[in-house]
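In what comes next, chain A is part of two complexes: it sits with chain B in the first one and with chain C in the second one.
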Partner chain A sequence: MTGTEGPGAATNIKRRPKAWEYMKDFAFALPALAMLLIFIYYPLVNSFYLSFTNWNMTRPNKEFIGLDNYEKLLTGDTFYKVLGITFTYTVFDVLLTLGIGLMLALLFNVTSRFFNFMRSVIFMPHYISMVIVSMVFLWIFNSQYGLMNELLKFLGLEPVDWLTNPKTALWVLIVVSVWKGVGFAMIIFIAGLRGIPLEYYEASSIDGASKWTQFRKITLPLLSPITLFLVVTNFISSMQVFQSVDVMTNGGPLESTKAMVYWIYEMAFAEFRTGRASALIIMFFIMIVLLTVLQMYVSRKKSITKGRFISKCLHP
Partner chain B sequence: MNKIKKALSVLAVSGMAFASILGCSGSGGSSSSGDILDAEEAAQDTTPITIQYWHSHAEAQLEGLDYMLAEFHKKYPHITVEPVFQGAYVDLHKKLQAAVAAKEVPAVTNVEVSVLPNFADSGVFADLTPYIERDQVDLNDFSQGMLQAYAYNGKQYGLPLIVSTSVFIYNKTLLDELGVEPPQTWDDIEAYNQKVALKEGGQTTRYAFSVPGWDTWYYDPWISNGGGSILNEDMTASTLDQPDSLRWIQNFYKWLQDGSLHMGFGKGASGDMRTMFLEGKIAMVQHTSAVIKTYLESANFEVGVSFIPGDKERKSHIGGAGIVLMEGADAREKEAGWKFIEFMTSAEHNINWAEKVGYLPTRKSAIESEEGKQYFERQPQYRTVFEHFDDVAPRLQHPAYPEFSEKYKEVVGEMILNGKDPTSLMPEAVKQINDILSDY
Partner chain C sequence: MLITALKTPHELRLAVPTFWPERLMWENFAEVFRKIPFWRYFANTAIQTVGIVVLQINVALMAAYAFAKGSFPGRDKLFLLVLAALIVPDQVTFVPVYVMMADLNWLNTFYALIVPHAASAYGIFLLRQTFRSIHNDVIEAAKVDGANRLQVLYRILTPMALPTVATLVVISFINSWNSYFWPLVMTNSNDMRVLTVGIAMMRDSIAGDEMLNFHYLMAASIIVIIPIILLFVFAQKYIIAAMSNSTFK
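After this line comes the complex of A and B, so read on.
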């Protein structure tokens, strides 16, 4: 599409009708767009339709029941409980992943053989499938023969029923996610750190700025586009946590780890309530979109007001 | 700008056309649920046919399945059965749901016993009665409880294939040493607990027995054995807060409090219970008969098996899966599918199949046969189960069971994990269950 708008393209193919050009451009995008249509947009629209029915996926006809599904969900307690769990998980997951990721980035942002090696070690979990990670941690946190409890016993502490205790299970899931996600955050942060011109640090240290001041006044603000990217992507994936819940806890014990997507799954496939699960999908979808837009809005505003000169440096 | 919009709309239309083409191509399996062939026609038709059998037979059962498939092919050379492993029951059900929605179903499938009503309610499974009558299958030869578990609203939708029931598996070496027998009635339990449970400074070091809290399948029979019920007669409301329906959980609460009963809850609790039993920390565990074999292999003491104790009645519930015919398959596929179902559940191969997969035989004639006697000589632990062959009862059949059973399971969880008194929690659970029932 952009080809026809640019100055070069306009002179080269002046004689051809513009509509034809548009069609040609679209033809190239068609396979990708068709995939999107079939696997993303069509299911989304269809879910929207299903959310007004009481379909159970096996019944031949779908009965239209209006807003009944939405009403049942919004008036029940479970929705709010599940939302609370999902947010708790997301907030701590994002904070810890980014916090630790940034610390590691600052620590390992030095080119040497050892640090290169350490970076790859920390990044490694990113490659491993979440299901496998969950299986391994299931064993580590087993209350009878898990590594974690062996460690506690060695230190003379009482063993903990990590995954069968409603108070600790969610934290185990957060730990797993942080362990897996921290390497990726670190790599992206390092890329961001290397994009900050060293002159700022030199100039500020001549002015007598301490390391801490440099970190607050130079590093953090200049990293903000990177941080925004990480917050948004991590936020969306955390909100959709599923695999670790499915493998490690099944939403239990006592629904203490019942995150939104797992609840949707359970409702659709174990309780045979496809219609209501679709309503939940739609509500959850809207919620994530709104929150993401809000995040973008808030942080964009912030980064503009805070450092006008910075954006000039980044895009000269 | 306008042109872009136009182009976009062209794209959208072409995309939709593409989607609808894809959608149409999938509607091969048309259903023709007319009358079935008569016996003679059915026997004569030997045009080759291939049908799919969707199953959840895990690794350990594949040898048995291969054997059965080979035997079946010998008997009906024109029918080829393609076994398709679809994962655990939950995954199988998920795929079945999708297959039904796509109108592209296998001829024969497994179904876990508790969700039969959900599928049968929607007309997904074929009623086997016409086939059973035509081929004169003697239903009286099946354990009646196991058979009923696969009937719903008066129709026989399937036959029992992979049958288990929950039993007490006990440390025989230990109980012999202590000179106690596993309890046969609820009245025996107190005395049994006194003799078996070991406590040191307020801490239990050896539990008398364990009842799994993670699956309602284990305590549902306790509810009815105590004279109670989960739902009322016409299944419109829950009766779990009635005095008789509370006896089981009040007993559990008492025994949990005095430290003689162990109850596991949540994921991984099953493995923990097994480890504790094998380490001698629990003297007796209620578990599925499907794992008797595992216990026998891994225990370094003698293992005994006992039917769960009763009070007002003495039943245990059926578990595992049945084999069913899909209504959406075409008539010839169904005919072949029925032959396969009949073969898989036949008395002829019953013992062999049960022993190979580690589940229970379902046929009276098979148990009483010479082969059956040899089976019990090889597996004496199973004998106690078969003394109660007709007491293996179907579970509560209701399409909302998977959903509402979570509610009283939560009460059990609160009792186990947080030490809460179940009697005070049950009314709230009953309210929630009734709320769910009002949708049906």
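After this line comes the complex of A and C, so read on.
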């Protein structure tokens, strides 16, 4: 334990009692710990408790109803529909964001004034409020005046009711999220690309490897830890999609964009079914935890195999 | 299609002047201020943001100091508790916190917007990493000179960790400025709305004749984005460096 302190740290210069020193150090950690306990851990436990009750926020007492909330959710159709929507959104959002992000990273991994500027322009939306972004896309995909339909008309195609058609609305939301997220993926991929030693490319081109082979055999494998990081973080944040749904579609048309968090919000604050909403929250949280654990497990494995990848690349 | 999409953030800021005649545009801005209590929303957003940033940074500085350089029993186990908080999103805690705020009569106050976000697990994590890389001799030397813990933290460690602190200020500023879910849940009076919620409500109230009012929304949006763009331009280096670093660790 004291090894991490370095030499001399544990010796009490002023010879105060040790417990008193501990207390003083602990006091510095206390505000943060108290806040996390009150606003993260207690609510988490409380949500878990509420999920076994039929509380509706206005009722003064909570009645314990066991697993009833979970049973109702898991036997109803809506749960699977919402889960399907959330996963469709998440999977395509992640695939497109990372795919396009990687392409942009390969294109823009050049240091020059112009490319630096372009990188900033592409990266910027990551930091712009999703509400504002949604508003802009609401206008772009407006069926009467939107840019998208103007473009279709210009190309001689039929205009589409993007946001009022159950078949296209979810895709509009995916496009919005991809547009906002590619910059971040690009920046992280570029950081990854710059971490790959140039010797690997030199060595392999002496061996006669083509650019495509180099990409497949060197770039992709060596980017895999970063890709994994991006997949998991993007996956988790995609699953929490809420703002764009709330601003652009309100879960409609015909509930075709009702994603998990929107449903939770609706259940808790429009229908006031606090107990059932809590059950949904707990199931949602378990999914996030499982994903995080999966990432930690896989990334531990990856770092072991990484060495083998590199030696394979160098000596095929 | 993607190229069009990629261009728009850029165009959006320029698009309003090109799509509408110059003269009309300024009227749009004026109209926004007449239609919604824009400056009220702006002030609310600013107070919320400054409150969260100041609290988060100070709480994180102190905790990071304790976890990096302090010694007390269970230090590393408690740090795991901090790290674990990273995976709990707002959407998981909001119902009990809402009830808590209601019991305290804090709904529709800045307390409900600011206090629950006082501790940032990410901030503590990042600052702890930075503090750990600072040599203990520096702290010992200061202690010999008679500095107490607070002085060591604020006079010596904080200036040495300035790039990380700046990064955290920027990230925390942007997150709170753009936050939507939390203020939407915790406030319902018009006086307490922040910009994001106010603008979304503005859209709802004009949903019928959307197109007639879209330029107002855009005008309002531009004002919301300006602080973020300014911050981004000045702090871009920090942000990108911090993000790249935290990925590899």
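Following the convention adopted for this analysis, the second predicted complex is superposed on the first by the 269 of 316 C-alpha atoms of A that agree within 3 Å, B and C clash if a C-alpha of one lies under 4 Å from a C-alpha of the other, contacts with A are read in each partner's own complex, and residues count from 1 in each chain.
We take it that contacts are C-beta pairs under 8 Å (C-beta built on N, C-alpha and C of every residue); 3 or more make two chains touch, one makes a residue touch a chain.
Quick caveat, the model's predicted, so the values are computed rather than measured.
> Kindly classify A:164 by the partners it touches after superposition: chain B alone (first), chain C alone (second), both, or neither?
Touch status of A:164: first partner only.
> Regarding the shared-chain residue A:288, is it in contact with chain B (first), chain C (second), both, or neither?
Second partner only, chain C.
> Just checking: does A:254 make contact with chain B only, chain C only, both, or neither of them? Give me first, second, both or neither.
After superposing on A, A:254 lies in contact with chain B but is clear of chain C.
> Quick one: is A:210 in contact with chain B, with chain C, with both, or with neither? Answer first, second, both or neither.
Once the two structures are laid over each other on A, A:210 reaches no partner at all.
> So which one touches more of the residues on chain A, chain B or chain C?
Greater contact footprint in residues on chain A: C.
> Applying the touch criterion given at the start, work out whether A:22 contacts chain B, chain C, both or neither, answering first, second, both or neither.
both
> Just checking: does A:44 make contact with chain B only, chain C only, both, or neither of them? Give me first, second, both or neither.
The second partner, chain C, only.
> In the superposed arrangement, does A:56 touch chain B (first), chain C (second), both or neither?
A:56 sits against chain B, while chain C stays out of touch.
> In the overlay, answer first, second, both or neither for which of chain B and chain C A:242 touches.
second
> Taking the superposition on A as described, I'd like to know which of chain B and chain C A:151 touches: first, second, both or neither.
In the superposed model, A:151 contacts chain C only, not chain B.
> Could you list which residues of chain A make contact with chain B in one structure and with chain C in the other?
1, 22-23, 26, 33, 42, 57, 138, 142, 144-145, 269, 274
> Name, in rising order, each residue of chain C that touches chain A in their complex.
It is residues 1-2, 4-6, 8-10, 12, 59-60, 62-63, 65-67, 69-73, 75-76, 78, 81-82, 85, 87-89, 91-97, 99-100, 115-119, 121, 124, 135-137, 139-140, 143-144, 149, 153, 174, 177-178, 180-181, 184-185, 196-197, 199-200, 203, 210-211, 214, 217-218, 221, 224-225, 228-229, 232, 236, 239-240, 243-244, 247-248 of chain C that touch chain A.
> Note which residues of chain A are touching chain C in the complex, please.
Spelled out, the residues of chain A in touch with chain C are 1-2, 5-10, 13, 21-29, 31-33, 35-36, 39-44, 46-47, 50, 57, 100, 120-125, 127-133, 135-136, 138-140, 142, 144-145, 147-148, 151, 175, 179, 182, 184, 187-188, 191-192, 195, 226, 229, 236, 240, 242-243, 246-247, 261, 264-265, 268-269, 274, 277-278, 281, 284-285, 288-289, 292.
> Can you tell me which positions in chain A touch chain B when the two form their complex?
Per the stated touch rule, the residues are 1, 18-19, 22-23, 26, 30, 33-34, 37-38, 42, 56-60, 138, 142-145, 163-166, 169, 248-250, 252-255, 269-274.
> Quick one: in the complex, what on chain B touches chain A?
Interface residues on chain B, with respect to chain A: 3-4, 6-7, 10-12, 14-16, 18-19, 22, 90, 93-94, 96-98, 100-101, 115, 118-119, 122-124, 264-269, 271-272, 275-276, 399-400, 402-403, 410, 413-414, 417-418.
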